[in-house]
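Both complexes below contain chain A, partnered by chain B and then by chain C.
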Partner chain A sequence: MPMLERADWYDIARDTNWTPKYVSQEALFPDVMTGAQGVPMAQWQSYDEPYKTSYPEYVRVQREKDAGAYSVKAALERSNIFASADPGWHSILKAHYGSLAVGEYAAMSGEARMVRFGQAPGMRNMATFGMLDENRHAQLQLYYPHDLVSKDRQFDWAQKAYHTNEWAAIAVRHTLDDLFMARSATETAIMLTFAFETGFTNMQFLGLAADAAETGDYTFASLVSSIQTDESRHAQIGGPALEVLIANGRKAEAQKLVDVAIARTWRLFAILTGPSMDYYTPIEHRKQSFKEFMQEWIVGQFERSLIELGLDLPWYWDKMIAEFEFQHHAYHLGLWFWRKTLWWNPAAAVTPECRAWLEEKYPGWNDTFGKCWDVITDNLLAGREDLTHPETLPVLCNMSQIPICAIPGNGWNVKDYPLDYEGRTYHFNSEIDRWVFEQDPVRYRDHMSLVDRFLAGEIQPPTLAGALAYMGLSPAEMGDDAHKYAWADAFRPDPLAKSAA
Partner chain B sequence: MTDTPILKPLKTWSHLATRRRKPSEYEIVSTNLHYTTDNPDAPFELSRDLPISQWFLQNRNASPVHHPDWNAFRDPDEMVYRTYNMLQDGAETYVNGLLGQFSARGHDAMLETSWATTLARLYTPLRYLFHTLQMGSAYLVQIAPSSTISNCAVYQSADSLRWLTHTAYRTRELAQSFPELGFATAERQAWEEDAAWQGFRELVEKALVAYDWAENFTAFNLVVRPAVEEAILRGLGQSGRHNGDTLLGMLCDAQLADTQRHRRWTAALVQMALTQEGNQEVLKGWIAKWEPLADAAIDAYCAALPDAPDAGSQARSAVRALRSILGL
Partner chain C sequence: MALFPVISNFQYDFVLQLVPVDTDNTMDEVAAAAAHHSVGRRVAAQPGKIVRVRRQGGADFFPRAMRLGETDIKPMETLEFIFCEA
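== the complex of A and B ==
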């Protein structure tokens, strides 16, 4: 007899739900870990994962993928790409690995939650591959930067960042914990795989892969595009879970999870991918602006998948799209300004040529963000780098944990969105962040932002040095301008003065 | 800021730098990756009193099995993702070869109907049991106190899906050769009702709700899995060889190869736990709790196996020998 095709036996492998007898269904699938939103187990039987694979196919395909990714790395090991790359590109690598490698490992735990507590056997099997995938992504994104720690100590943060109280690390932990680490299997399927992965990972993994190839960093380009091939498979765990919820009268619950997840994910990508694409990537290697990517991937593609599933667009959709114009510019300015608190060296990327590009992509940039950079540039030209560092604490958003910021200069719209809840005043970057808090205040109310901790006396001594020590940043690791301020020379009226600077 | 130390260039991650040897790829990519263990009072960067935070505080941080540095655990095989796929792709190529050769030879057509009936009762319902092993290890992935333990559990969970996959494949083949025996349709009923399965069903249902991380590990890796491996993979394989089912014996042996690896890291983790006072009593207490259920499971299953009269007693002594070597 000929050998069987996968389709011949696939359904048997995902026919594994049974009725427990020796323990209760509630004990076996406790709501805190399963979160089935009241949809009974039998209804989850209709869950049908669109991307099907099997164990033997998985280990074969993944072995081949790894052979490719690791051989590219080995082949380019002795090349000069890293040494010759622009320092802005180094900053992308440091920010990327530090904020993602251990986060991928966390996502492995999220996948494991679905393997154990998912109600649908198809979800449990697909999440088993997802769990393996995230194991892969953590390992690849630790193995690659490990080679670079001997060249630059900031690469140690690929492994270390999540274990520190550095503010961006707190922000990313707060986000990932909210999206999946502290969520049930059902919530994880929707918030991690559908919203975060289907919606946004394309941005970081395909968008940056394009910029990496342009820059000549083929190692990184092959790494992140290989990762994205896994993401696009296991991201499909969430869609059928949404279908089950909607078919069982839980659209409102599903919609809320999606809306919260997109709101949170957008902030993370705005501060991570936004500056990487529009500032750190050398101008000659930028494929598209961050806004263009967002419009293509989020507005163009993700919006369609929301509608196709029978969901509505989040109530804040237009507000979020409006933020594409400015939020990441504000974050970039903040990152550069508070650069000593980072594990990477932000590239200012505001030479006259860069500013012309920004003005073209974001009309009005010179009149708004440009005004701040004018002052910074003037100070640098006057030899007063000391004036380009902050003297006060920022106000951190109690949702995103990122400084509250928006448009400066002539378009000024910076505003706190406060909320009094049980005797404490919380501060938010926008109506969207405040809305997220209001959906589940118990979830967020006890958390102290880094600045809250500082003001409460938890950080001692209460000085900049004390805060930097609390964040785990040693002087050899603290961020500085990626190009050592050389870019400001382009503004000197007398070219002869450049050499004197 | 002036008296802060100047940092030397690193050769490896700072957390590995104090060791005086070059780290392996395994150490570079596997160690110290759970950030939720950093703050003993609050696993998540959210409110502390969330039910799911309490779940981690209770079932992980407050486990009666304790060690000051679980992150020091190392998998003796130093398995990483890419070597796992190389290993298991090879293993699957072997299994695929077996399935192909036996199919080409018309293996199933040569089986006695009485043996096929036994397969419908004692073999193909096994997918439910394998799936519970997959689920049980996936729980350990998310609740273990160190990433090096979680990684072992990841590969173990995937191995269980591997066995489930073999079983599903064979179920369809057998359904084609014996359409009247309920293959692919009657397994759930057998799993839920047949006396031969009820011992294992009770054992795994209860083990799945043992939510303390170390009890999950003890129940599954020291009691449930050894019982499944000795009673079923060995006992059923042996029974198969006495009934002309060479393929089943070889498939079971191929799966047993995975268990050797599981047992190596299990032994290493037990050894590590036993360095701390008080842990041995806790582990022994749990084994005393789970062993009678496992014995009953072994007995009920093996009693139904044809032509393997000693399977039950052999399995019981094999699982005890395994624990005894570990000091348990």
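== the complex of A and C ==
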């Protein structure tokens, strides 16, 4: 029997809207869950998903993808790639898995909300596949690192991180909760799929797969490529939703959602991808700096997408681009200095050769961030590693939950951006973070940063050691310098002194 | 006397830090407490100079002998710690 072409039956098959008889439309699709912002359901009929697929097609393709990824993993199981890779690469893997694997489950919930409460049949259909995608991503990214736990127990944090009060895990959770765990279907479409995925992760996964291949980690390269192809499909859910909102007079509301989501996503990118690209990746494998990557792939792509949809660039666009010069360097310094609070081992990557690379890519680095690293290096050379550890907590931004930091040394521009709200003073890293809070203070006001909890007596004993215990880090899991400080040897004036260190 | 947390924004350092001090502390003692977490760790010492305290963005420094309890500084207010000629 001849089969119809998909295009001949797709629209009818996926158009599952109906007129409810037993409950009201409002009860079936409450605005708080749909986020339709008053745009009637009939208007959402114009939603046209750019990527169309059927369930049998989806299953066939996904099966092939899974088979590909798992077969590469099996084929390379006995290879020496993991053992021979630079410790900086291991840190990239640990940071990646811990910060994202369980987050994929969160994304699955977000997709499920669009499946149930999406106003457009096309959105519900695409989100069904998106939900299955995210489940696959979570399973893959929990399974792969699980094999590595026997080699290095920090990989256990792929499973563990989200279930702890470790500060970076709180920062990721706070962001993802805001972008898609506690949002309506329409908001999730815009904030998760358009801003977070189209804007950032889709591009980042492409870059990460290329880096993995360059490093020789073909297992991770195939894993990330496999995930990226899903992302590039379901990330297209948000665009048509934005078109519907804009066409129905809701541009300002849509713009705000985009602006909040980009602001929040940028922070996570700066702290995870920034140090990975400019520090953890061994210098011989770096193809472009984080700043170059952001300018070429994120800014270039995103600007086009925003303008094509009829949106404006976020009001803070120039401020964000200015941060490409310094914010991730500050985050890297903080990650390294408070390394015992991490589930990975940050690679300092400040040898003379690395510093020359940083100075070339970021003119002025030696006169700013380099000044702090000078002191750290001198302490290591003098046998005073104790002075390269903190004795107090950094102050965390009440939006990003990441330490408030900026340029040190001769470009010193560190500043608190405080806000008094209902008798409490909140502290922010920038005008952008404070602006996000001001858009919906009731949403954010009750969250306690790790420092707030410390001051409220929730962390006992109230010491740095107490804070480490609160974060769930056992001594064997706490981060340390990825290369055991071997990089500092390059600064010793007498080569013979290396062996005595 | 009472424990009093302030936020240190130390000149030439890269990050804001929590610094527990006491209402009985003088501004010089507050500055020393903040310096403990920055100078010699990420900020080079400046022999011969002293560190003065001011509000973030403020033009004037608090008098060196003034006690924290005598000021209107609020808990968890961000203070700037600046190297000055002795």
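Definition applied: the second predicted complex is superposed on the first by the 498 of 501 C-alpha atoms of A that agree within 3 Å, B and C clash if a C-alpha of one lies under 4 Å from a C-alpha of the other, contacts with A are read in each partner's own complex, and residues count from 1 in each chain.
Following the convention adopted for this analysis, a residue touches a chain if its C-beta (ideal position, glycine included) is under 8 Å from a C-beta of that chain, and two chains touch if they have at least 3 such contacts.
Note that the coordinates shown come from a computational prediction; the quantities given were computed from them, not determined experimentally.
After superposition on chain A, the partners chain B and chain C are seen to fit next to each other with no clash.
Of the two partner chains, neither chain B nor chain C is touched by A:I227. Contacts of A:L335 after superposition on the shared chain: neither chain B nor chain C is touched. With both structures placed on the common chain, the touch criterion links A:Y444 to chain B but leaves chain C unconnected. Contact with chain C, but none with chain B, is seen for A:I407 once the two complexes are overlaid on the shared chain. When chain B and chain C are set side by side, the one touching more residues of chain A is B.
In the superposed model, the vertex angle chain B-chain A-chain C (Cα centres) comes to 140 degrees (nearest 10). When the two complexes are overlaid on their common chain A, residue A:T392 makes contact with chain C while staying clear of chain B. Judged by the touch definition given at the top, the superposed model places A:F369 against chain C, while chain B stays out of reach. Following the chain A superposition, chain B and chain C show a smallest Cα-Cα distance of 21 angstrom.
Partner chain B is touched in their complex by these residues of chain A: 1-4, 8-10, 12-13, 15-16, 18-23, 27-28, 32-33, 54-56, 59-60, 62-63, 66, 70, 102, 105-106, 108-109, 112-113, 115-116, 121, 124-125, 127-128, 131-132, 135-136, 138-140, 142-143, 146, 149-150, 153, 156, 159-160, 162-163, 170, 173-174, 177-178, 181-184, 442-447, 465, 474-477. Those residues of chain A that touch chain C in the shared complex are 330, 333-334, 337, 369, 371-372, 374-376, 379, 387-388, 390-395, 403-410, 412, 414-416, 418, 425, 427, 451, 454-455. The touching residues of chain B, when paired with chain A in their complex, are 1, 4-7, 9-15, 25, 28-30, 32-36, 38, 43-53, 55, 80-82, 84-86, 88-89, 92, 95-96, 99-100, 103-104, 106, 108, 127-128, 131, 134-136, 138-139, 141-142, 147, 150-151, 154, 157-158, 161-162, 164-165, 168-169, 171-173, 176, 184, 187-188, 191-192, 201-202, 205-206, 208-209.
Touching chain A in their complex are the following residues of chain C: 5, 7, 9, 11-20, 36-37, 40-44, 56, 74, 76-78.
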